[in-house]
Each structure stands twice: as C-alpha cells, then as structure tokens.
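Here's the structure, in structure tokens; my notes come after.
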Amino acid sequence: MHCAVKENYKISGFLVFFLIHSTQTGIGMLSFQRQIIEGAGQDSWIAVIIAGLCLHIVLWMMVKILNNPSKDIIDVHRYCFGRFLGNAVSLLLIGYFFIIALTVLLAYINILQVWIFPALKTWELSLALLIILYYLITGGFRVLTGFCFFSVLLSTGLMFSLYFPLQHGQLNYFFPIFNHSFSDLLKSSQSSSVVFLGFESLLLYFPFLKSPQTNIKWAHFALLFSTIKYLALLIVTLLYFSQGHLSRTLWPTLEMMKIIEVPFLERFEYLFIFIWLMIIIPTVCIPLWCCTRLTKRLFALKPKLFLVVVLAFLFIAAQPFNDQTKIYALSRFTSQIGIYFVIAYIPLLFVLYFAIKKMKGKRLAQ
Amino acid sequence: MKMIGLSLSLALVLSGCAKLQIIDEIKIVQSLGYDMEGQAIKGFASYPLYKTTHRGSPLLLMKGQSATVQGITASFTAQSQFPIALGQTRTLVLSEDFAKHRISELIHSLLRDPVMGSNTTVVLTNQTSNKILTHSLKQPPYYFSNLIEQNMKEGNTPTTNLNILLNQYFGEGQDIFLPIVNIDPDGLLHMDGAGIFKREKFTLQINRQEAFFLKLLKDKNLTGQLELATGKNEHILMNLLNGKRNISLTNEKAVVSFVLHVQVKEYPATVNLLDNKEMSDLKSRVEDELQRKIVAVIEKFQSRNVDPAGFGELYRGKLKEWNEEDFYRDTYPKLNFIIHTEVIFSQSGVGS
Amino acid sequence: MQRTFYDSLKELSGSDDFAQTSVHTKWNSFYLSYYNTLISKEQLHHEILTFLKTPENSINHLQELRALIPIQDIRVSSGADEIMEHLMNGFVFIQLDENYNEGILINISDLNSAIRKNNDTENEYSVVGPKVGFVEDIDTNLKLIRRIIKSDKLKFEESTVGSLSKTRVAIGYIDGITSRQHVNTVRQRLSDFDFDVIFDSSFIDQIITDNSNSPFPLFMTSERVDRIKYALISGQLVIVCNGSPYVLIGPATIFDFFISPEDYYLPWVIGSFFRLIRYFGVLFSIMATPIYVAVTSFHYSVIPWELMGSIIDSRVNVPFMPVVEALFLEITIELLREAGARLPTKVGQTLGIVGGIVIGQAAVAAALTSNILLIFVSLSALASFTTPIYKMSNTIRFLRFPLIGLAALWGGLGIMMGIVLILGHLLRLKSLGNPYLVPMFPFRYKDYRDSFVRSSVESSYLRPGYLRPLTQKRYNVRPRNDKGDNFNEE
C-alpha cells in the first residue's frame, strides 16, 4: 500500500531546503507588504516572525505524520479515513494544488500586463508559459529540484538589490515600535502566513527524499531562511515607504526597484520582473507536479497524459480572469483556502493520525 | 504529442508579438510641463529629435490641451507620427497656477502609472511651464533634468523625487515641497527656492537661501554652498563638505543640532585664519548667524502651519499615540525650536 | 557449415589489387595471398620471400614456417572469416597447400604509411604547454597516452565497431580510479548499436550519447594529448577511435568544455581569471544580441539617458526592425565563419579581414545595420571563439538564434523564457548517466575547487567526486615550510 519510490529517483535529503524555500518565495514577495500592514502597520515585521515561527510547528507536524516509514499524504489519508474516503479526500488536494498554480500564473501575467506589456493578451502569455511548464515538469522531479536550486540562487542574489532602496529609506518610518495591539498583530500574522504557503507540497514529495530523518533540519532551515528573507524585504519596504504611500501601493517591491539606477541599466524593475519568471516557475511547477503525482497514485493514470489535461484546464481556466478585480478575488480565495489547509487541516490530521495510531497499537497489543 | 507542442508554438509565433516600441520609432519625452488656461490643462512635452547623425540633437516641443492630467498625451499623439513614450521622462514642470488647482490629480495619476521612474522629479515654476520648456529646447538633451539633479546633489536645492513626493503626500506628518525653477531677466534657467504645500494647497514659497536651510533640515546628505553675512559688509562663503544632523524631541520643544564640515572659499580680508582667536571668533559669528537664519525659516513654516521638514513625522515615530490633526492644530504652531550649530572649518585652501 | 578460405577466394579475386602468387623451391611450394595495396612490398621481399626461397630443408609444418620468418606478428589460422579480416588489415596469408585451409598470417601491413605522423594541435591551440596532438592512427594515439602514464593500471579495452569499417575502438581508463559503472555503460552502448562505417570519433559520440536531440555536446572531444591524460587521471574514461585524431572524454559536464589546459600551466590566479573571462565570454556571446533586440524593440526605458543618444543616432537611418538587422548581421558573421573554415588557411584569413571590415563598414554606411549592433555582434562572435572546445563554441553560436527570435517576440520576457528552457534542458541532460550540470546541480561544494576557478595545487589534490572515482586522492600534499615569507622571524 505504501508508495515506494525507487532509490534512483530519490534526491539528496538536503535538497529539501531548495524545494521548500523556492516554493515559498514566489509571486507573494512582490506584493505581500500591502496586505500585511493592514493590521499592524509598521509593526508588522513582528507578525512575519510570529507567522514564520508558527509554521515551524506545522512543518514539524507534517514531518511527524509523514515519517516512519516515509510516506505521502495519500497513504496518511487512507490510513486515517479508509481507502475509499481517504482517496476522496486526496482528490480534493488535486483541486487545491491546481488552484494554487492558477493563482500564481495569473498573478504573474497580471504583473506583466500592468508593468510592461499592457496590450499582450492573457491567452498568449499563458500558452507560452504552459509550454515551458510542460517541458520542465516532464523532466521529472529531479529536474524540478534542480530548477528550484537555481531559482533560490537567483532570488537570493536579487535580495542584494535591496541595498539601493535602503539608501533612500527613512529610519523614522520604522518607529514607533510596538504601538499596535495584539489583535492587530494577529491579523497581520494571519495575512503574512499566506506568503509562506507552498511548503505543504512536502506532503507529496516527502517519499522522494533520501534519509529524511537526518535531513529534515534542512526543511526547517528553509522555512527560517524564507522568514529572514521576507523579514528583510518587509523592513526595507517599511523604511522606504511612508505608511500612507505603502497602503496605496500594489507592488511595493517593484516600486522600490524603480529607484535603482546603475550605469548601464535604468529601471531595474524590468529586469526584476523578467528574472522573477525563474522564481515563480517552481511555485507553479511543484503544485502541478503534485497534481500529476496525486492522479498517478490514485488512479494509476499515465502522468504525462494527465499533465496535458491539467495544463489544458489551466489554460482554459486562466482565460476568464481578464481584469484585476477577478484576479484579486481569486488570490484572496486561494489564500483563504491555503490558510485553512495549513493552519487548521494539518494539525487536525496530525491529531487524528496519532489518535488512530494509538488505537490501532492498543488493539494490536490486546 | 510533439506535433501538438510544435503547432502550439507556431500559433504563438504567428499570433504576433508584444506591442513594438522600437527605439527610433517612438517619441521619447524628456520633460513634461503643465499649465492652466482657464479650466483646461495645457500640457507640453519636450523630446529630442534624432534625425541628424550628431549628438546633441535638437529638442522639440509638443503642445496639448485637455480636461484631465493624463489626457494631454492623447493630444500629443494627435501631433506625432510616432507613439508617445513617457518611460524616460525625468522632469515634470508645473506652473504655479496648475499646482494650485490640479496637483492632487497629478499625484494620484503618478501613483497609479508604472511608466515613469521613481527618480523623476517634479518642479514648480512661477512662470509658465511653456516658457521653461521652450527655453530648455536650446540646450542639449536632458539638460533640464541634469540641472535639477546636479543642484540636489551638489547645490542648495532640497532633494526630492517621485518617491519622496508620494511619501510626503500620502504619509502623515510631512508636507510636500517642490523646487522652483525660473528664468531670470537675463534669460538664464536657474533653481530658485521651493514651494511648499499644505496637503494639496500651495501655501508658501521660500527663496533660495531658505530652501538651503530646508535642505539642511531634511536631506540625508548635507551639501551645498552657503554665503553668510558675518558683520557689516563682511561675507563668508563656504562649501558644505558633509554634516550631521541630530534632532531630539520633547513635548514642547525640538532641539536640532548640526555639525557641519565646511571648506571656506572666501572670508573677510580682515580675518587671519591661522590665528586661533580670530578663527574661533569667526566661527562663532558664523554659527550664530546660521542658527538665527534656520530658526527664522522654521518660524516661517510654523506661522503658515506647513511642515516640509517632517517634524510631525518625527513626532509620530516618537510617540505611541499621535494624531496628525491634533498635532498641527495644537502642538506644531507652539513648538519651541532650539538650534545648535557647530561649524568646523575643515579646509581653507592652499594659500594664506 | 564453416566457410572455407577456398570458397571466399572467388570473391576476393574480383578485386584487382588482390594478388595470389606462389613460390616454388626444390622442396616446397608456398602459396601467398594478399592485397598489394595494403602491404609493404619491401617487407614482403626482404623479410618473407627471401626466407621462403632459401630454406635449408623441407618445411612440412606450418610451425616450421613460422619459425623461419623473422616477423613477430604471425599466427596460424584456418577460419575463413579470420583470414579475410586479417587480409583486410594488411596481412599476407601463406599456405603450404593451395587446397588446404590452414595457413599462416603474417603482418606486414602498410596501413600507416598514408597517415600523417604528427599533429600540432592547431585546432585546440595553447601557447604554453606541449603541442603534441593525436593522429589518425589508433596505435600511435595509444602510444602517446601510454608514454606518459607509466602505470600498469592504465587499461585499454579494444572492440570493433561498424559492420563495414570494422573500426578499432579502445576504451581507456585507469583501473582503480575510473568508475567501473561508466566503463560498463560505454561498453554496453557500443555493443548495442549496429552501425556501418565509423568515419570519426564523432560517430561514436552520436552512437553512445545519452540524448541525441540536444545541441549540447555530451562528450568532450579533444586532440590534445595533455587534456586526455588529465581526464584519465581525474577519473574520466577516454574513447580512442581508429581513423580519428579526436579522442572522446566521458562523462563530461558542461563546465569541462570551458577549461583550457593552459589554465593549469599558468599560476592558478591567472588561470582562474582567464577561465572566468571565458565564462563571461559565453554569457556575453549568447545574450548580447538578444538583449539589444529586446531593448531596442520593447524596453526603451531601461537605457540610461547617456546612452540613449548614441543608440538612437546609430539606428535612426536603419529602415528595418531591430530583429531584422540583428539577424542580417549575425548571419553575415556566420557566413564569414563558415567560409573561413572551408577555405585554405591563408585565403581564409584574408577573407576574414575583407569580410569583417569591408562588409561591416559598408553595411553601416548603407544604413542596413547600426554601429552599436555591429560592435555587439562582432564582440559576441569574438567571445564565442574563446571557448576552447570547438563543438561547444558551435553550440553557443547556435543558441543565439532562438534567443533572438524569442527576444523579438516578447522582449526581455522572451529571453528569460529561452533561458528557462535552456536551463531546463541542461538539467535534463546526462552524460553517461552523470548529470551534465554537476557540480552546480546536484550541488557539490567540494568539487568547486576546479570548476569556475581552478585552485592551487595544494588544495586540488582530490578527484572530482561527481565522477565517482574509486580512489579519491590524486596525490599527497605535504606541508612545506620554506614557502612564503616568514613574517617577523629570525
């Protein structure tokens, strides 16, 4: 019943660092600041820390469920809910990962249309991107991991460009510290945990890791690194914008890049948006890979065929989202689902899993 | 499978590409100007004409009229054989009249539009922007924006750009100031003080020296040239090399202390700079004069209840509870400013 | 049923260069068969016929005949296939009895006389270091390798490939260092494929490659002896193919292709610097023209205003879209290069100058292209030639064209899409089952000592781990205290 991944398809355990980190830092990095400050204003950096730390617990729970022996969420569902019901619950996950991929894709296309190519049609961009996605995903999980590695390198490298907006920052915008209530902080924490979404795909690729026991620390490092990255980005943003300005800016990160002028390049945000393609690709590819993995495990379908079906659905689903309000509505919806999935469902599953395990253990002992 | 991929790619290629903006087939606007004529907005755009094969191509001007701020580009398009491209616009000139009526619309449109860079500067003029831009046409491309940039970097103009402008406008506890550019009677374009707004209302105009003190109060890098009277018919000219500003705030007073490193360019002939006593005497006279002048500028701000230096913002950062309205109604006009200046003569030249 | 030599004679005698003669002495008759185009006549006269004609007594047995002739490579044979094959390789077949199948085969082959004896590594030149290159003859090549690596661990495994050419192919490796798995893979792939004629080692490359639809070379090709030796001692295997001066090295990573032997002959600081320059050259060569196309067609606002004037000025009289002028120039350069490669050296040089200067200048003067683009294109052509391995520099020149196309479609986004595809492709590639992008991905920190830069001799004593060598250490580093300045010591 357990899914056994052949040894030669497995990847080194420490690569989970790149997988988790790259799925967490995606399109959210360009625009998360505005939603976060809605609650706690200039104190919202504390909220990022809180959210980051809380998710360590969720990650720990996930690993606890998946480990010993190494398995994926489908096995867990079957174990907890029985074969039929378990599969039905897993089926819902296909929809979840699909909608995540759709949201990221649309958000990136929206950025391209707003910032660079106002006249470019959604269908052209989505078609072009989907062809690329098809090529990458058919390369298999190892290729995706490799891509995650490069995307982490790039996004980390791009963090250095924050030096320039920092030069223009006003230290005073950061103050006063701690003048928001706890409920404000909580509200901000909730919206900031949205940006960390993406690591839940670990539920499916966990069996692909070699010796997960010793390497799971890398997953925590990845989460920590994401927290640090978001924190650094948020702090620079808070220094660069006054609160009033920030609350009216849709893509603060890109807005900050507009100030950069280097001798042979002006308008750094162009370069930034293009390079961001590399960085969002793991955040689309990994969920799509999860979709194909789920169907392969549930129905023993040919993954390549199903990938084409998923991509075709993605293409069709992307078409109606032709204006910004619809895309916002979608991303709000997605982040709501994501939050409930990570904050509520996984702990629930954790409790359930261990309760059942204990029960079965007792029965066995008797 | 491969055939499907191939035909999809082909469809993409055939469906054409993104909208072309070929660099020599667009009109790259360098400066935009806005005037008012009755209720209508008159807009001007200067762009370089690269039809000759030499550098320093002539600038040309387009004129347009519309009811909305963004609408003028439509009338520019009507005059042009090429599409109008605003992505390289580096300066916006507003006439006083326009600034009084339509600045909030302009700022909102700048906030939404991703086309212009954050280093774009907005300046005011007491004359018409038409006149300013027409004047700059005789100069090489980007002369106008470089003039402004140079003055902010090295000269006496307080630094501002699109980002600072938007921060001031949408943030709390600070007011917009915009540098003023005028043409003097001799026909020379020059930086001429600054205009200060309360929200979107044009409230106060300060002269060139006052603008320099505003720069001292606000800027990150303290630079510029300072001419001060040290006595009857005695003047000293100093180059500000660098400096430090420290502001400490309490409820009823604000203490601003400066440490300025200056290079003395010219000083009264009666003073011997090598003499310690005369030197310290001159120093204290300079410091006193500087102090007096800065206080005068701040008092001017207080009297019109404008805050371009952002003291409100500093108080906001200091206090747990802070309300913009209360601050400017009750606290700011009565705030007691104490200025300490310390001038350090770092260099005085190679001869004595 | 076994075919006899007598049966095949009919086929053989169809060719006019096949000779059959007999020598009669007072005791014996000898029947000789050989291809006179393949043997050395001198040897036949002096070392065979002389002895055949002056025997002191009767020869009744092949072994006696064998003892008579002073040539080492002699074997007794009776199998028709074996005899045929040896005749093709320049052996002479001597029978005591015409109708009897058995005879001896004597090697007096003259195959090498038509082959050049030395090669100055003109196509892979390095200023410092040995100038010896491989030649077309496999024995010479193996000799060249063995001459320096004097170890009994150096093994050559020979096999024959090609149903018509029967080309000798040798897999060289060092026992106890090279991973057995790689050797087995090559052996397996060589024997699995049926091919007719191997003209060059490139055919072997294409037969045993992991992905034949990739523009990237998956095996290193080199005619330099020092490079092959370096590959052997680092744990790679080499494939030597008769008739080709190019030896294959596998498994290769993409970074191997930008290594020049000179890097190791110069101080490591200098060597590393030039290696970095080469990497920069590659990036520039691939990206320069596409970026020009993207920027001038879509993203005018990223150009600093100081540059704006000169770029527009140079383009203002050009009537074409940037992509058209870019393709025009790029194709011109490729034509020049192709022509230069096909023409005799001296003419080629002249043509390069004529083409480069005259055509370039004229194209600018006629306003077909812009000055700035001319600079970009020629610089990127120049940069592509810094890649030491010819096959890779071809790939680099090729990659530019799809990128230009994508840049013309979606500007910077198109370039980025191209890069994503290339990167995805590189991640998929494997050479002999080894990832192509290693040590970049899978990330191996220790192997960075000799990839982008080369570190000093003291710190690069380990073989690259991604080659899975059986022995990690290449040599021992002993600390030496007479190196460097002793600061503040008596």
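Chains here go by letter, A, B and C, matching the order in which they are written, and residues are numbered from 1 within each.
The definition used in the following text is that contacts are C-beta pairs under 8 Å (C-beta built on N, C-alpha and C of every residue); 3 or more make two chains touch, one makes a residue touch a chain.
By chain, UniProt protein names: A = Spore germination protein (Amino acid permease); B = Ger(X)C family germination protein; C = GerA spore germination protein.
All values reported here derive from a predicted model rather than from experimental measurement.
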Average the C-alpha coordinates of each chain, average all protein C-alpha coordinates together, and give the chain whose average is closest to the overall one.
A
Chain whose average C-alpha position is farthest from chain C's own:
B
How far is the middle of chain B from the middle of chain C, if each middle is the mean of its Cα atoms, in Å?
64
Hey, how far is the Cα centre of chain A from the one of chain C, in Å?
46
What whole-number Å value describes the gap between the mean CA coordinates of chain A and chain B?
41
Two or more other chains are touched by the chain B residues 12, 18, 87, 117
Contacts with two or more other chains, residues of chain C listed in rising order
298-299, 301, 303, 305, 410-411, 413
Contacts with two or more other chains occur in chain A at residues 117, 120, 128, 261, 266-267
Taking the touch rule as given, give the residues of chain A at its contact with chain C in the complex, in rising order.
11-12, 15, 112, 116-117, 120, 128-129, 132, 135-136, 139, 142-143, 146-147, 149-150, 261, 263-267, 270-271, 274-275, 277-278, 281
In the complex, go through chain B and note every residue touching chain A.
1, 4-5, 8-9, 11-12, 15, 18-19, 87, 111, 114, 117-119, 161, 163, 166-172, 174, 310, 313-314, 316-321
Spell out the residues on chain B that touch chain C in their complex, using ranges where they run on.
12-13, 17-18, 20-24, 26, 28, 30, 48, 50-57, 85, 87-88, 90, 115, 117, 141-142, 145
Which residues of chain C touch chain A in the complex?
298-299, 301-305, 307, 410-413, 415-417, 419-421, 423-425, 427-428, 437, 441-443
Per the contact definition, I'd like the list of chain C residues that touch chain B in the complex.
295-301, 303, 305, 308-313, 315-318, 321-322, 405, 408-411, 413
